[in-house]
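Next come two complexes, and both contain chain A; in the first it sits with chain B, in the second with chain C.
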Partner chain A sequence: MRLLKQVEIQPGCVRTDGNRIDSLCGLSLSEIYRKVCNGYSKFFKMDGLCKTGFVAAELLLEGLTPEQKAEGSVILFGRAGSLATDRNYENTIRNPENYYPSPALFVYTLANIVTGEIAIRHKMQGESSMYVLPQYDREAETRTVQAAFDESDTTLIVSGWVDYENDDNYKAILNLYTKD
Partner chain B sequence: MGSAMNIVARGTYMVTPLGEGSGSNYEALCQGRSELKPRPGAFGLPETFVGSLLPRDCWNEKLKDMPGRDALTLFEALCIYCISQAAGNADLSDSGTIFILSSTKGNVDLLESNPDDPRAYLDWSARKIAGHFDNGNTPVTVSNACVSGVCAQLMAARMIRSGQYRRAVVAGGDLLSRFIVSGFQSFKALSPEVCKPFDANRTGLNLGEAFGTIILEATDHVGESDWVYVASSNHNDANHISGPSRTGEGSYRVLRDLLKHVDATNLAFVNLHGTATNYNDEMESIAVDRAGLAQVPVNGLKGYFGHTLGAAGVIETIMSMQAVDHGAIIPTRGFTAQGTSRRLNVTDAPRATDKKAFIKLLSGFGGSNAGICYRKGGAE
Partner chain C sequence: MEELINQLKEQIIEALNLEDMTPADIDADAPLFGEGLGLDSIDALELIVLMEREYGIKLGNPAEGKKIFSSVASIADYVSKNRKK
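Here is the complex of A and B:
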């Protein structure tokens, strides 16, 4: 397999293949979205985890054709998963006097929704998975990606680490792999 | 895909409100039992729901002497209990063993009293569980919503096949909470009565609690009674995060992949997700029909256990193994009349089978779909 590209996003800094993208550094996730994508209104319904993964995937996959992406997979790792949204959702049900559970929020209380959001945006119908680990483990990522190439028909894989605690503490390191 | 090394299920165990142990749960299904009932006041929720709940007091009492219990949540203790029972005397501390946890929400109920409780992180529970068995490898948690239990087995098989580990402990579980039930209620996904998978009058899903373990191992020799992992597959619909594809695309692709490794004529049945929501069951009927499996017996187990989230893929696989062991197809509790646009061969009464393979299919939020195929005994 081959690593084609890497995108790294954290507060204040955006890098592709290790190079700082000055025009995007210092921008919020929504501001980066407006610069690199726009016109995908579903973005504004997403939670922080999904926005982090979505923006990184936009930068990672720009220029690829629908045909190249059709059999693509999204295999991500992270630690917090949906915990930031879990906390927000918990606030809507904690108090019986102020009880307003919302389906729009609840759907984001699953760690794998970010893989679905990326798969939907790019029409990737290969695998989608979210694995929780205590910290980023590049070796585990490589092995998992290699196994997916070996054992399925997927031709392209977006993999890496996506973690979101709050607007001051989030990180995506996404890597784009092809089978050969 | 094809390979000389075989992977077999060396031990299984499960705990549900119907009993403990794979055999006793299977017996309960044969008797048509279920613990799905209205739960007024449960979790302090304003609205009653129909669910299958583990008796907390009994389990807290039963597990009180577990070593280190004070430092474990009930969720973790139940995972550990199932693993211990499935493992028997096997030592799980060796470096060739990996722990894979399948859970959607783990200890999420702890957020109620402390939003910053570190035990709400899924990796906390996974490390507690692996640590209980003195296993030093970093455990993985698969959190792929409702398809987690099958994806965990897929991960396990790949880790063994690649030679990284020789044994994988797949532990699935979820406890219900105010958090989970209120969310499904807000989705209007819950049925006010016991669910009716694939039925014309189905009214939505029921939630349930369960824990299950499957231990997979590499082996050179397959015995006649061994359960052999055949293949697994995972596809995203790339359509919608909370609604299934109208064409059943992801589930269809999963079935298509699995049928490259098993001949449909050798399938005893396909155990479907069958949540009894309108959209899920309709989607699955389309996927099964498109895959050319409309004549193959299908069934769903949610009418016995409810939807057990991270445990579903594990316990429904175990029950499917038990059924084939007994030469039987478990009837779809709650089903009476065809209620999907594509006609399926839904098993509505106990039936005998002499076939030795089955497929377990799941789908869930995030557009995810996953399936796995097992076969009993040697090559077809």
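Here is the complex of A and C:
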């Protein structure tokens, strides 16, 4: 397998293949979204984890055709999972006097939703999975991606680390792999 | 009624995170689902919560909800006749 491209996003810094993108550095996730894709209103309904992964995937996959992406897979790793949204959702059900559980928040209380949001956006029909690890483990990523190439018909894989705690503390390192 | 319609538009924009929209962008008579605003099933659930939280209205009948949520104008009409707060 071969690494085609890498995108890294964290507060204050956006890099593609290690090169800092000055025009995007210092922008919030929503501001980056408006600059790089816009027109996908579902973005604003996503939680922070999904926004982080979504924006990174937009940068990673720009320029690829639908045919190139069709057999693609999304295999991600992270530490906090959906913890930030779990906490937000808990706040909507904590007070018995003001008990209005939010369905729109509840749907994001699963960490793997971020893989689905990316797959839906780019119409990638291969495997999608999310693993929770204590820290970014590039070897685990390589093993898992290789296994996906070996055991399925997927030809393109978006993989890497996506983690979100709050708007001041998030990180995505996404890698784009091809089978050969 | 005009005031209630505008209030509902603002509440819908906030509850459904329609960040790119202003009340002026929403046609009160346009369909909320499918065409029009293009809302989905999760949005429908969020609207049900909004009705209860803001107006004390509990919707128990799905068929009734489909008719009520057909447009902002139809929501306003139902709210004006059934609101508890």
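Note that the second predicted complex is superposed on the first by the 180 of 180 C-alpha atoms of A that agree within 3 Å, B and C clash if a C-alpha of one lies under 4 Å from a C-alpha of the other, contacts with A are read in each partner's own complex, and residues count from 1 in each chain.
The criterion applied here is as follows: a contact is a pair of C-beta atoms (placed from the backbone, for glycine too) under 8 Å apart; a residue touches a chain by one contact, two chains touch by 3 or more.
Worth saying up front: this structure is predicted, and the values here are computed from it rather than measured.
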Partner chain in contact with A:6 - chain B first, chain C second, else both or neither: neither
Which superposed partner A:101 touches (first chain B, second chain C, both, neither): both
Partner chain(s) touched by A:120 [first = chain B, second = chain C, both, neither]: first
Chain C versus chain B, contacts on chain A by residue: B
Contacts of A:175 with chain B and chain C, given as first, second, both or neither: neither
Touching partner for A:133 - first (chain B), second (chain C), both, neither: first
Partner chain(s) touched by A:41 [first = chain B, second = chain C, both, neither]: second
Chain A positions touched by chain B in one structure and by chain C in the second: 101-103, 107
Partner chain A, residues of chain C touching it in the complex: 15-20, 38, 42-43, 45-46, 49, 52-53
Complex contact set, residues of chain B against chain A: 1, 44, 46, 104-105, 108, 111-112, 115, 120-123, 126-127, 138, 140-145, 151, 155, 158-159, 161-162, 164, 178-179, 182-188, 233-242, 249-250, 253, 257, 365-368
In the complex with chain B, residue positions of chain A that touch it: 73-74, 79-81, 83, 86-87, 89-90, 93-94, 96, 99, 101-103, 106-107, 109-113, 115-117, 119-120, 122-134, 137, 140, 143-144, 146-148, 150-153
Parts of chain A lying in touch with chain C, wherever the complex brings them together: 30, 41, 44-45, 100-104, 107
